[in-house]
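Alright, structures below, take your time with them.
The two complexes that follow have chain A in common; it is paired with chain B in the first and with chain C in the second.
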Partner chain A sequence: MAQYGFYVDLNACIGCKACQMACKDRAGNEPGMNWRRVLEVGGGDWQKVGQAWVPDVFAYFVPTACHHCSNPPCLPVCPTAAISKDSNGIVKIDVEQCIGCHYCEWACLWGAPVFYEEQGIVNKCDFCKDIVDAGGSPACVEACPMRAMEWGDVEELRARHPEATFQIVPLADPQDFQPNALYKANTAAGERVGTILNQEEI
Partner chain B sequence: MSIHEDTNLLNQLNQATLSRRSFLQWSAATGAAALLTSNVNLVNGLYPLEQALAAAGDIQVIPTGCAHNCGGRCVLKAHVQDGIIIRITSDTDRPDDPLDPQLRACVRGRSYRRRVYAPDRLKSPLRRTGPRGSGLYEEISWEEAVDTVAENLIRVKETYGNSAIYSHYATGGGSTTAGSGTAARLLDLFGGRLGYYNNYSWACVQVATPTVYGTQNTGQSRLDWLNSKLILMWGWNPAEMIDGTNTMYFVKQARAAGAKTIVIDPRHTMSAVGLADEWIPIRPGTDTAMMAAMAYVLITEGLIDENFVNTYALGFDADHMPAGYENAESFKAYILGESDGVPKTPAWAEEYTGVPADTIARIGREYGTTKPAMLYQGYGIQRRAYGEQVVRMGCVLPALTGNIGIPGGWASGIAFAIGGESAPGAGFPSVANAVPYSVPSYMYTDAVLRGAEMGRADGVRGLAEGEETLPTGIKLLYNAAGNCLANQHGNINRTKEILADESLAEFIVVHEQFLTPSAKFADIILPACTFMETFGMTGNWKYGPSRVLLPKVIEPLYGTKSDYAIAAMIAERLGIYDEYTEGGKTEEDWYNQWIQTLTTDNAAVYGDAEAFTARGSMTVPYTENPPVAFADFIADPVANPLTTPSGLVEIFSPALAAMNKPEEIPAIPKFIVEWDSPWSPEAENYPLQAIGNHYMHRVHSTLDNIDWMDEAFPQRVFINPADATERGIQEGDMVRIWNDRGAMIIPARVTPRIMPGVVNIPQGAWYTPDADGVDRRGCVNVLTSERPSPLALGNTQQTMMVQVEKV
Partner chain C sequence: MNYPDNEWSLIIFNIIGDLSVGAFIALGLAHFYAVRKHSTQQADLLSTRALLVIGPLLVLGMLAVFGHVGNPERAFNMLSNVDTSWLAREVAAYGAFLVIGGAFAILQALTLLSPERQKQIDQATRGLLPKVRILLAWIAALVGIFFVLSAAMIYYDPRLASRQTGWAHIYTPILFFVDTGLLGSLVLGVGFVANYLWLRGRKQIEPASLAIQEALLRDVIKGVSFASIGLIGVLFVAIPIYLVYLGANPNPLNAQILLMLSTDFALHWFLRLFLAFTGAGVLAVFIAYLSERSQRQRLLYLMVVLAFVCVLAGEVIGRYLFYARNATLMIGGM
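This part shows the complex of A and B:
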């Protein structure tokens, strides 16, 4: 069985949210609901030295969506078995089966499932299953103006980008869920640890 | 009645979208994959994947584009089902060749169906029922509306003459059948109108660049950036303002090819994050001081390209001054302080710029010793009190280092690209404007207020000999697809008063899609459709040689009409319908005619009409080793002189010297302390500098009302923690920002990603005053000044001091 995954080079990401908007447009999501979001992470401060201001400031962006985990925490907690993994490892919610109980939402460490109040269901990134099954690319990947995103079999992505990791601040520790998102870490931060700067946008 | 929001349609559409897109699988999708072939093989303009998906879902995918006034012109593809746009994609599965990269759209284009179907679209012609600016209107018929417009055009023409009619700079419509061009064509056929020169983007840079180089064509293909070893991105933020589709991608490629990039900007911009190796924050309006100090380092450390300044330039030192100005102040004398006693040392510049002296010296040395190197000027730094100076100084540094006319170098200035960075276009045949006069666009309100007193000193052009002033002020404003009438013009509270006075502009007509702050001053509003609801074409701006066809994707909503069709209705009342429409041509007729013209005259670029129409867009692929601006001049300056009066790079401009206003228009570029700056009296009450960047939320003011964009990039003021703490302001607090010209209350974003002492209020938000006249949306022009720059008479909307407090 294949396992699809995402790869993002965080040194090339400019935080433009083209991926988020392409996803939003395909899903037809109202404001406040996003299957893909872009976190702005950063920190540091300033020093007045003589007449000058000297920054010790850094920032980077982390586009994030469902990681289509190999061992997804959302799947076993679904009481109606609405969540499944397909032959490409895509974690999919069958919205016809979903009763909107929120369990998957609570189980996910990264906030990927989104609750739809009006419909009383949960839905999330489905890896653009219809498009990739037809031979295309996920909407987010093909939207990236910096060509910073890739998708494919996660082992191939890992082989192509051996330095890629999931250990990126501020993404939660994956425990044993095996998320299938890979990131090339932004080098600007160095040893400094940032915080999310755009809470109101996500 | 007043305007009501028809949320019903939007709800219906959203439900339709949700059910079709999110919750139903395309049952035939798997089978459709069989349609795929390995080769790109266009059928009816669709790539195999799109065919497959369309076949699977009974969806039509129509290639179109994004036609607004950023620097990009991207491909959009409208997925249409039952006459409704249900999804928008971009330049998807055609090969993404670095020499012919896909034209991938940003959030602005990707959110476009939310704009087409926005609940606040104007749906009917409107007549004003309250005071101008109140937004109170009643619906009237198209016939009544265009009759009223025609009557007023005829009345004003007969009473005051055609020079009392004015159509302001407007860029909301980027399609050939939309926007101000349709109004200009109408008015020119009607006998003419008062013209304007300059625009809100490039006023100073368009005037200042030729004072050094004699031309605007000082740049070259983006592909040449891959030859550079160092790129100083000076106030240049292509990631946010979109300086051409793919410009940020070319910067990425230049870095991959070995260029070091340094962003110099008060803000830690998206470009600073994703495109740069280093960020140097600098106080707004002090760029010229840092550049002068870099020149000091180059001179005192022996890093001047002596051959260049001696052979190719005028006025570097006392030995190279023009005839008649032998004893005037040379550039070198100014920099070393020989003429004014103030050496322009890095320590001197530190006080103004806030950049450490050793950093300035280091950047000066890096620029002086790394070859080839680019100093790329953004345009925000020239929308300032003395915007001419930073442009000229930015053009002098490449001369001092010999970075002109060589691959990987950059002459700076406005930098329109030579050599194939433009694709041939087509549009309406031009009509001469019979009125000879024009005014600087940034002084249009003056032409309303006191036009009959305005003469040459106010920048009026076209006055005959013996004629001292314009014959009349503006009495009729015709504004098609533009928000510069009020929202985007400096000092909105002043503009409001002028526009509200019905004894000045007696009649105001607006074509619009939404009730914008400018539209609220109209006497008659004519509801226009978006470019997706008619036929048109768009093409490249500064970079990106492309032409994008804009076929009609859906029928016009609510019976709205294209700007062209609206103007044609008025032309009919004015008795010039046949001239206007060339015998009744529709938008589609023109569209087909333009395609024929392009494919006949430029078959090598566009192929045949059928192929062009099928693909929907065409780009001119790049060629390796693109030509470099001024290479011929460098090869032989005698045989190929510049078009400046001296034929040389004019570090010293005799033409500027002859103007005899050395304090504000010096012959050599100088750092001039701005009015409304930390060193001016305004700083006492208003200690913070404010700027208004081009925001991802909008294209200028277009898209400000779109909820998806509000979510992604909300409007707020960006303030450094040091300034926020001093004022007790925390992240998300509502704050009041004000100066003598106006006030606003908006949320604060407290972020280290902006320099202390500087706040950023992204430009383009729609002015929304409360009962006390305090803007609640964050239109930066509440705070800006209408004062023009001294030489270009251009906009100075980045120069302002403000105070901020928690409310």
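This part shows the complex of A and C:
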């Protein structure tokens, strides 16, 4: 069984949010409902250089969506068995089965499931399954003007980008859920730890 | 931490569920005690009417939970994953408790029939009924305990632990079981008082029988007060241990919870502790003292009602705080 995943080069990403918009467009989501979100991370401080204080700040962007975990926490807790993994490792929600109990929202570390008030259901990134099955690429990957994103079998992505990792600030520690997203760390931050700057937006 | 104003349906559902299970089990204990001390007839007189309140409460709880889910008409889908989902198990247990407890209550209600009407039931069935009743009561009690366990495990589930750090502590199941015991026993105290006052108001009951009921009521109320004092003791040992866990755990969410408990939710937190301590501690001591005496019975009954109201109000605020500890969107560990 294949396991699809995403790779994002955080040095190339400029935070234009084209991926977010393409995802929203394809999913038909209303404003404020995002399956893919772009986190704006920043930090830094003033540094004394000689007699002067100069700003020494950094910022980078982290596009994130459902990571289609190999061991997804949302799947076993769902009371309706609406969540499943398909033969490509895509974690899907059967919206006809879902009753909108929010339990998957409570379980996901990265806030991927989104509740739809009007329909009374939860839904999330489905890896653009219909497009991928027809031989295309997920909308987010296709839309990226910087070509910062890639998709494919996660083992192939890992082989192509051996330096890539999931341990990126500010993403929560993956525990044993095995998220299938790989990031090439942004080098601007160095050893410094930033914080999410667009908390309200995401 | 956030203001969980969308979670009132869950708060009501959980409180009613715990209260009903607790009342059912406490009622069983009280009934058993009354049978041993006097007779089955006196025990039935004491407990049957109190039992009949639980059914409508459970139905109310079920209606309340529909407010939480987005598609209540698909409620039966919630039974699809009992293999791995504690939420599915909770729903299944709640339904089973409602059905089995309901069947037991119907059989128990037959004891309220007049002797003439009871004689119309054929003898073989009459002989079998008590055995079936006891079997159903045991099954309902066990299913009820499983319901409380499942309800606690929804939040204490290790698969949620890395995100819901405010729930990932043994304090969660302790809270649920203490609530069950406190609310169940105190509401039963109120039910017994109401039942006794109703019996006293009826002219048909013999004075000797009424005197037995009065003595039984005082014994049961004393038992309720001792249970409350014990349970509130457990809670007040568990709370500091939980707070130390929050303080010692490096997860920033826990620091946030502690901060909110001492700022935005400080009044809620104070009221929750004050009401629980007043109802299940201070008033319970007075109730235990008064139940030893045959004077000041009206004061005793008033105290029982007041203790229940205090504990119920404290539990409502406590559950509100419980859902306030639900981590909202947490993409990162910050």
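One rule holds in what follows: the second predicted complex is superposed on the first by the 195 of 202 C-alpha atoms of A that agree within 3 Å, B and C clash if a C-alpha of one lies under 4 Å from a C-alpha of the other, contacts with A are read in each partner's own complex, and residues count from 1 in each chain.
Here is the rule we go by: contacts are C-beta pairs under 8 Å (C-beta built on N, C-alpha and C of every residue); 3 or more make two chains touch, one makes a residue touch a chain.
Here the structure is a predicted model, which means the values were calculated and not measured.
Asks: Do chain B and chain C fit side by side on chain A in the superposed arrangement, or is it a clash?
Replies: fit
Asks: At the CA centre of chain A, how far apart in angle are the CA centres of chain B and chain C, to the nearest 10 degrees?
Replies: About 130 degrees between chain B and chain C, seen from chain A.
Asks: Does chain A have more residues touched by chain B or by chain C?
Replies: Counted on chain A, the partner with more touching residues turns out to be B.
Asks: Look at the superposition and give the distance in whole angstrom between the closest pair of CA atoms, one from chain B and one from chain C.
Replies: 15 Å.
Asks: Across the two complexes, what residues of chain A are contacted by chain B and by chain C?
Replies: 119
Asks: Can you list the residues on chain A that touch chain C in the complex?
Replies: Counting only chain A, the residues touching chain C are 37, 39, 64, 73, 76-82, 97-103, 106-111, 115-117, 119-122, 169-173, 175, 195-196, 202.
Asks: In their shared complex, at which residues does chain B touch chain A?
Replies: For this pair, the touching residues of chain B are 14, 17-18, 21-23, 25-26, 29-30, 32-33, 36, 48-49, 52-53, 56, 86-90, 92-93, 96, 104-107, 110-111, 113, 239-240, 246, 248-249, 252, 268, 270-271, 273-275, 279, 281, 350-351, 353-357, 359, 696, 707-708, 710-714, 720-722, 731-732, 751-753, 755-757.
Asks: What residues on chain A touch chain B, complex-wise?
Replies: 11-18, 20-22, 24-32, 42-46, 48-55, 57, 59-61, 95, 119, 123, 129-131, 133-137, 139, 142-147, 188, 197, 199-201
Asks: Using the touch rule from the top, collect the residues of chain C that touch chain A in their complex.
Replies: Contact set of chain C toward chain A: 68-72, 74-75, 77-81, 84-88, 91, 154, 157, 159-160, 162-164, 326, 329-334.
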